[in-house]
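Chains here go by letter, A, B and C, matching the order in which they are written, and residues are numbered from 1 within each.
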Amino acid sequence: MTPLALLLTLSSALFTLGLFAVLTRRNAILVLVGIELMLNAANINFIAFWRYGPPDPELAGPVFVLFSIAIAAAEAAVGLAIILMVFRHTRSTDLNKLDSLHG
Amino acid sequence: MLPLAASDASLFSPEFLPRLPQRLVEMILTNLGAAESLVSIAGFLAAAGTVLAVFLSAFALLSLIERKILARAQNRIGPNRAGWFGILQPVADGIKMLTKEDIVPAKAERLLHLLAPILIVLPSILALGVIPYGREWTPLPLELGLLFFFAVGSMTELAIFIAGWASGSKFPMLGAMRAISQMVSYELPLMICALGVIMVSGTLSLPRIVECQGGFHLGFIPAWNLFTPWGLVAGLLFYICSIAEANRCPFDLPEGESEIVAGHMTEYSGFKYALFFMGEYLGLFAISGLGITLFLGGWQAPLPGLDFVPSWIWFFGKLALVIFSFLWIRATYPRVRIDQLMRFAWLCMIPMSLLTLPAAAIWHFTGRGALSWVVTVPLLAVPWIITAMIFNRRLSPATRHYHFAE
Amino acid sequence: MIPLLILSPLILLAALGAVWMARPVHAALLLALSLALNAVLYLVMGADFIGLVQFMVYVGAVAVLIVFSLLITRPGDEAEELRRRPGALLPGVACTLPVLAMVLFTVSKTAILETGNAPSISMESLGKTLFTSHAPAVLALAVLLTAVMIGAALLARGAHASGLPRSASCETKTADETGSEPPIS
């Protein structure tokens, strides 16, 4: 197994785990954990192709990963702020209970 | 008799004294015929061991000196029973910590409770490795040294949370919340001030940042980053932020003894508490060392004629002065409140530190001379005065809302 | 190759724990571990800057945010989750396994290129590329991060600025409800 194949399999498995967390978790914050895992898996893909793929003088891989990390952090911050607002309003982070638009 | 190599004429000179253990180990192993990789690994372990030995003994000494200085500031004597002038007090403290019973609360998570002190000491020791202590003496001369320092420093916050949460009781949880919010808020101005230095020096490598601060203006003023207009402001902000990052008074809310017992360290006893103590003091050494590297010229001598003194003596002298100032501030100032702390960080420190960036750029592009001073000083001084005026007016306590008494 | 072979199962195990663990704080801490091992993976692959940035941002900021919000919301005992788990598991697995199968199939079908020498980033080249070719993206990112900071601060202030103390809103809510919500401990 070449290193590239290993890393692609790893990132696929991580992405799937993140997707599983988003679909099955009841706590809103743990859904965010799954989202972070998915973004992370995509980053591994980029770095793997930069390292083991054809030479790229434009450094597209690392540059994209930098942007991806920054955006993931921003999205986590806003997502958690929203979750905390909802928690203040309804005293619960259970997604099964947050099923009505009327507060 | 071991044959001496050509470069070993300077092996015992004072300048290369910190290198001595590493060079000796490498020399012995090479003469015994060991492989190249083994020699380098053993040399590196010797270098790391030297750094650890120096800073662990400095930690022991600091615990005594702190108590003595605080005592003298409070008009009492301090520990003087364990040996002449209390010099054996750290030994006594060590024996006490090691022989105390290790109590773990019943509601605590045992694995995380054990892991937290280790995770707090680890970043401090790692961060000590990238600081240049002398002309030839950087244990880990990474090209991304400054980024490495901040990356391992960010592990401390998570470790404090683990310590607070794994203890399973209210005081540690409160202390962990306060500690995390404080450390996150004050890490931002810290990094922005370091960013100004990176911009002007053009590198993230700490030894090269120190080398960029060599030379003297007007014959006797050192070209340290502190003696530039933006560097003065950035250095002062870095100093305040490093007090906050190290959880020292006046920013020691997370371990406020009169409020929440010992914060996140409440449920720890014995050797684990000693590890917390050690992590805090080693972190203090690390961040002071970084401040000295970035702003005070690292191991550079302050006057042109003093180059004969070994460079590491200058570094440790500056470190001693900075640590003394930390202790002095601890003895003098009362603790800040949490809302004062947050307001100070977000409304005063971050705008001022953001202003040092264009100031540094303008200083660099107007030639780094007298013109740069004339242009950048108003850019920094006017917002500083305005912010100080606003904060003087807002120093009164915030209006309190009583939820249950109305 | 050997460091990759050691790190990959560890990352997968940590991520599995983050996804499977019933207690939220354990899951969040295992996520932090998985992200930290990921940073080590980047360092091993030669992307030093990206590895350190990953450590600083993901482990030092995102993971801390997640655990901090867990500290504030304090989700209760997860015994209910464990009992309900088999029921919720099936749709999740049914949606996830086809995705995994499709991705792995695509991975195995592509021609995998192999290069010998490792590229290395120098800070100068990365900085130049970032601020010349990708300058609009960097500026957009700066605007985005500023907006995020202001937005998060405004959202956090929302409850304080609304005028209602928290206890009043809780009392009206529990008086209106007929169903029983377990008291938050």
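The rule is short, and it goes like this: a contact is a pair of C-beta atoms (placed from the backbone, for glycine too) under 8 Å apart; a residue touches a chain by one contact, two chains touch by 3 or more.
Note that the structure is a prediction, hence the values are computed from the model and not measured.
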Worksheet item: What is the chain whose Cα centre is as far as it gets from that of subunit B?
Response: A
Practice prompt. Have a look at A-C versus B-C and report the one with more C-beta pairs in contact.
Written response: A-C
Worksheet item: How many Å are there between the centre of subunit A and the centre of subunit B, using C-alpha atoms for each centre?
Response: 34
Discussion item. On a C-alpha centroid basis, what's the spacing between subunit B and subunit C, in Å?
Written reply: 30
Fill in: Approximate Å spacing (C-alpha centroids) for the pair subunit A, subunit C
5
Worksheet, complete the sentence: In subunit C, the residues touching two or more other chains are 49, 53, 61, 166
Worksheet item: Taking each residue of subunit B in turn, which ones touch at least two of the other chains?
Response: none
Worksheet entry | Of all residues in subunit C, those that touch subunit A in their complex | 1, 4-5, 8, 11-12, 15-16, 18-19, 24, 27-28, 31, 34-35, 38, 41-42, 45-47, 49-50, 53-54, 57-58, 61-62, 65-66, 69-70, 72-73, 75, 81, 88-89, 91-93, 95-97, 99-100, 103-104, 107-108, 112-115, 118-119, 121, 125-126, 129-130, 133-134, 137, 141, 144-145, 148-149, 151-152, 155-156, 158-159, 166, 169-170, 173, 181, 184
Item to complete: Note which residues of subunit B are touching subunit C in the complex, please.
Response: 112, 143-144, 147-148, 150-155, 157-158, 161-162, 165, 173, 176-177, 180-181, 184, 203-204, 401, 403-404
Fill in: Of subunit A, residues touching subunit C in the complex
2-10, 12-21, 23-27, 29-30, 32-34, 36-37, 40, 43-44, 47-48, 50-56, 58-59, 62-63, 65-67, 69-74, 76-78, 80-85, 87-93
Worksheet item: In the complex of these two chains, what residues of subunit C are touching subunit B?
Response: 25, 29, 32, 36, 39, 48-49, 52-53, 55-56, 59-61, 63-64, 67-68, 71, 123, 165-167
